[in-house]
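As written, the chain order gives the labels A, B, C and D, with residue 1 at the start of each chain.
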């Protein structure tokens, strides 16, 4: 598979879905030159959405991080996060009582914005779970892992309730060479120990793509073959885009490095339509 | 959880999604009295769709099996099968060449109807895979398991291509007490042996629900809280409906028998909104 | 399956292997009446060993906990722990350098007793891993879960080394109704995130049983059909004993409660030779 | 890791365990020059055993295949197969009734040699399972996959019994570029569909190594650090040998080819003590 220039490919589509981490930004901040990519999209009237497995911050906060670096076209409505889907689920399915969460207070604020009552795991009384209707894995920060993960296990043993994982990623990069376990990884462990089935939101699941697709089509009709998904990870971005029926670009600026791309494509059988160095070119 | 009458519940919704097997029919044919249930829906202007993990027959064939038994309101457009999603995927992603399939000739006819060139695994020449663009698991019948499943393994070792599983079910009932391994079970084995990642269509995946939801809303606007999913299996119908954000009914006329319902709900943590004996009442 | 008196069964064997937790003791201490069971064994010249998935303490410390409660026949040589097997492994395979561990200092003391140099994860310098030869999961206590588990992930990404899990259990009871995640559960999560293959010691693995069997036969020849395994957990004690070719007793004094025994046996297909209320009778 | 000459390494050990397929033979028959390797062992008084995941033939038949090609020192007592362990299990645990098997008649003959009554799956009457005490997965040949695997599923649903997998391998090579699904792969599928826990015999499990070790020590005392395991597969031979506490050689004449050895060692974390081109050198 030949490596192509991103701009050449992009011009053939009417809308582009971008993964955030590894595509638009990395541990150092925005990828240099990214603002020209967005200028190019605007000039050519190519619409876009950012699809990100993230439940730690609201779309407003996520957009602000781009705006503060000079990219003003990324408005909150352009950001579709797995946290949004989790929030939507809770709105539909939890009509009363409270939702317990594992994460920072800030990640819970976003849930509360719909009127949902939230409670941090650390504030739960194990002997009074009557009001608790659901449990959400939001973020890997903001709590004592040993104390609160064990508490989650015992909450779920005492009361049967829906469990939502608002970010399917099992790890995320924190520097050039180091990673951290993500909330999706902690949720997998608890699910295994408890033996129950959790509900997960995030790529590669079709729901993220559907959500963006509906938003696009609310403005004007766009067919699937006019949309391009750009991501750095085969097992979330690329297989998710492929399954949704849209073309896909694997970029080598993040999780999949140039030396391993060919081997990974061949060993997983997940085949992107194109490969590009990055979205800057 | 109290067992309720289905008709009482149904009247509170504007649309109902039904699973087919274990809900509308079983190994004996249609569940007795089912036509009155559909009469009730029509009288009360409640719309409906049938969501079925099945790629062995076209929606036309599936609808005909109801029509021949006197239920005329189940027209082909009311049937949404995992095979339809697989066919849509192949239309979008395979622009030339041929698709290899495991299944009956009849199951492949439906794929061909979109102009796709198909080839049974048994007719593939392992030394000439150039034209082959994708491989589809369609049905557990119509081929020699030993010969053709081994051939699939070697096709996938020789050429990297997309692999589609058009029915996620791992088994299906063939009589009151016996089951058969379904194509989804065979696909899981091949995936494990090959070490690649296959693309699956079928409940509990959100795509089935989205497809039905879009069809509903093309006619008139219906909110998610006005839709009910009815199924006999917690791990496909109920968790799929729950995750999609709609209310769910577990019926005890199929896969989940009355004596085990409580234990299964508690051990899986998959909680239906309601439980009914059947959809006939 | 009929519930039998333990003493009746025991008299038919020349040696008995006991699981510790749920069989001889629980969260409250020793199971009342247990000393009479050991008196009965001594009187009838029935040999015994305790096979326990535990790497938090040495056989000496484990034996002392019984001795202090008046059961003097449980000497250190009667205790076979998964930690012993892990220590033996490290002795054979690590000839120089240091072994990094996750656990309490006390759990590491036992490893050090063979001359092995150990280092707590928290004291490792991520930029100087040259001396590190292996990593051991010992105990769920004694470290910061968030900080040190993430550090383990990064150590294993930076240097390829053998990873040993000295206790396969994924959880353990801490009170009548609450459990804690065990070191085996944490190890499973790290293995999944890292994608490597760890080496595990503990039941149901045959090595525990072999170790006890060899000790027995060093004294006098005993055939497998003269040995009985007694445990409270189907997936470790019973299947381990069955696979090793010896008869098994499931006791209902621990992990498997009376109401669920039948269902668990039938759903797992793990069939004990006998079922007893407890070993006291 | 430097590639070394096998003979140089071998001379440092008192006993060697060999995997068969990919080490001593391949799809073409014996690896050329192998008889000189055995001459070298005999001359230097180095004992050996062959540890093979195979339940399709008896040790006698396996030895005969070497003898007929001129290697007379491989006598039946030198061959330790997973089928032997399965047979031993059945002898200890099945005292009456019959054992149902999936495999060739020839593979079942070996089981019958201990007086066990065996019955092919195809001859079982699903309505009369009273005499059936256990079910064994022996070989991937000798039965109709579609008919008999489905029948196995229904046998196990109707009667709770021990299930033994006499060969853990999920695939095996049939020519330079093609593989076949092995009985272990079929067993994995059935276990997943049935949801029960099967008992598996074969490398990497410690029992194979223990069996050989006991046989060695019945003749004269040999320590673990005087034994070498030679294999072509990291996930069976090498991790099995490592865990048992003995040194290991990965040969590049079978399953692990030279170009991939480094990547596989690094991605799995399974580290052989040495690497050799083959055992001929």
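Descriptive notes on the structure:
The criterion applied here is as follows: contacts are C-beta pairs under 8 Å (C-beta built on N, C-alpha and C of every residue); 3 or more make two chains touch, one makes a residue touch a chain.
As the structure is a prediction and not an experimental result, all values here were calculated from the model.
Overlaying subunit A onto subunit B using CA atoms gives a rotation of 180 degrees, to the nearest 5.
Among the remaining chains, B is positioned farthest from subunit C, on the basis of C-alpha centroids. Averaged Cα coordinates give subunit A a centre that lies 28 Å from the centre of subunit B. Rounded to whole angstrom units, the spacing between the C-alpha centres of subunit B and subunit D is 40. Here the CA centre of subunit B is 44 Å from the CA centre of subunit C. Taken residue by residue, subunit A touches two or more other chains at no position, since every residue touches fewer.
Contact between chains, using the touch rule, shows up for A-B, A-C, B-D, C-D.
Touching subunit C in their complex are the following residues of subunit D: 88-89, 92-93, 156, 160-163, 194-199, 205-207, 210, 224-225, 235, 239, 242-243, 245-246, 265-271. Only residues 126, 140, 144-146, 149-150, 153-154, 157-158, 170-171, 177-181, 185-186, 188-189, 192-193 of subunit B touch subunit D when the two sit together in their complex.
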